[in-house]
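Below are two complexes that have chain A in common, paired first with chain B and then with chain C.
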Partner chain A sequence: MATKHTLTFVLMDAPFESARTTTAFRLLHAALDRGYDVNVFAYEGAVALSFAKQAQHPNAVHGRDVAQEDHPLSKNWIAALMAHARTRGADLKWVNCGLCVDERGVGEAIEGARRGSPADCWKMAQQSTATLVIPTK
Partner chain B sequence: MRGYLLIESRDPFESTGAARTCELAIQLRAAGHDVALFLVQNGVLAVRSGARRTELDKVLGTKIEVLADDFSLRERGIAPASLSGGVKAAPIDSVVERMAAGWNAIWH
Partner chain C sequence: MKVLQIVETAYRATTEEQDDTVIWISHAMRGASAELGVLLTGNAVNYVAGEQDGSGLMLGAWRQTQPPAPAQDLAALMRKDVPVYCVREDLAERGLMECKLLEGIVLMSRNQLPRLFGEYDQVWRW
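Entry: the complex of A and B
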């Protein structure tokens, strides 16, 4: 039987800005695909990744309405990762730094993402096989 | 002794930090650690055969494994056949695999 690992990822980038977010989500997916438990601690701009009020928009330049544009939202990617975790028997814990949330007014997170503190990050790292911090520049 | 996975995401022709990552990899290897370098995003721009990248060449001259994210390669139109010798295309799973094995993963 394969060993059950827990991996922690610490994310800093705000949504809609950097390729690092895409890479981070690919890493989360790969870990969950293996059935590993995954912790995410989001701080600074990354706390907006799970903001429930993200909304799609039309693209007037290309003449596309909201449905045609189908702009990807990070909150939906996170929800999809959480659903994927359940199918793989894995656990995805998503914790947002509360101070960073308050600074940005993004308190309404999607279901499954909770508010926490840097102490959670420390605990996650302590309880994980490995931790990867993906900082901004 | 734990292994070190250094993840380089920056364009080496734009960021001097990428060269520092190569130096760190070489130093860790010299200290006796297992070391792998995983290139991702614009970090893969140096792996085209014929590209001028002194620091990466130094890494390739050691026993350090150099991996290039296959997704990043495809995004940038870099075919696996055009990679310089010693560089292997690899899935993002390679990072997860080493983390699960207890390697220290460091992102730059």
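Entry: the complex of A and C
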């Protein structure tokens, strides 16, 4: 019987700031696609990735209204990956660094994202096959 | 006042924003009658590769419907009379001189940049 792998990712970049965020999400998708359980510890600016009050906007430069622009929101990406995990028999745990959340006032996270501490990060890493840190630059 | 916008960091959150944020703000400022030029240096010279395609991102069931199109956004900026310059040596170092470049781009050597800077009142390096 194949061993069930668990991967932990530590993210640091705030949404809408870096191409690393998209790459990180693609890695999460790929891991879940393979049925791996995935933990994410969002640290520093990355705690805003799951902020529930993110909102789409129109893009006047492109001449598109809100619906046409269909602006990506990282909170929706997380929700989509959580749903994807369920279809793949995998588990996606999303933990935000609580102090980082407080500093930024982004305490209202989407359902499924919870508040935690570096101790949670350490525990998740200990229980994982591997841990990948994607730091900010 | 004329301002030259220097863009060096390429694809900075372009997938999330569906835009390069500096190209976008240049459009918006041009809409407010700003006199601008744009200089692409470093990795940002890749924006003039005319056949790039940023479509296809999917995360779970989520699909991106409006992928970023920096080349088209630059073309639109030029249609608004904003010149777009590109450092020739940076293109060559990345092997991009052979690809189909965006029409209307002004290629400049690094040793021409001081003269270009002199044509603008301010130079903003993003």
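The rule is simple: the second predicted complex is superposed on the first by the 136 of 137 C-alpha atoms of A that agree within 3 Å, B and C clash if a C-alpha of one lies under 4 Å from a C-alpha of the other, contacts with A are read in each partner's own complex, and residues count from 1 in each chain.
By definition in this document, a contact is a pair of C-beta atoms (placed from the backbone, for glycine too) under 8 Å apart; a residue touches a chain by one contact, two chains touch by 3 or more.
Note that the structure is a prediction, hence the values are computed from the model and not measured.
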Chain C versus chain B on the shared chain A, clash or fit after superposition: fit
Which of chain B and chain C A:A19 touches, first, second, both or neither: both
First (chain B), second (chain C), both or neither touched by A:L7: first
First (chain B), second (chain C), both or neither touched by A:G105: neither
Which superposed partner A:L132 touches (first chain B, second chain C, both, neither): first
First, second, both or neither for A:R64, with chain B first and chain C second: second
Apex chain A: angle to the C-alpha centres of chain B and chain C, given in degrees as a multiple of 10: 60
Residues of chain A touched, compared between chain B and chain C (which is higher): C
First, second, both or neither for A:N76, with chain B first and chain C second: second
Superposed arrangement (fit on chain A Cα atoms) - minimum chain B/chain C Cα distance in Å: 6
On chain A, positions contacted by chain B and by chain C: 19, 26
Chain B to chain A touching residues, read off their complex: 7, 9, 40-42, 69, 71, 91-93, 95-96, 99-100, 102-105, 107
Chain A residues touching chain C - in the complex, by the definition given at the top: 15-19, 21-22, 25-26, 28-29, 32, 59-62, 64, 68-72, 74, 76-77, 80-84
Residues of chain C defined as touching chain A within the complex: 11-19, 24, 27-28, 31, 57-62, 64-66, 73
Residues of chain A touching chain B in the complex: 3, 5, 7, 19-20, 23, 26-27, 30-31, 34, 36, 129-135
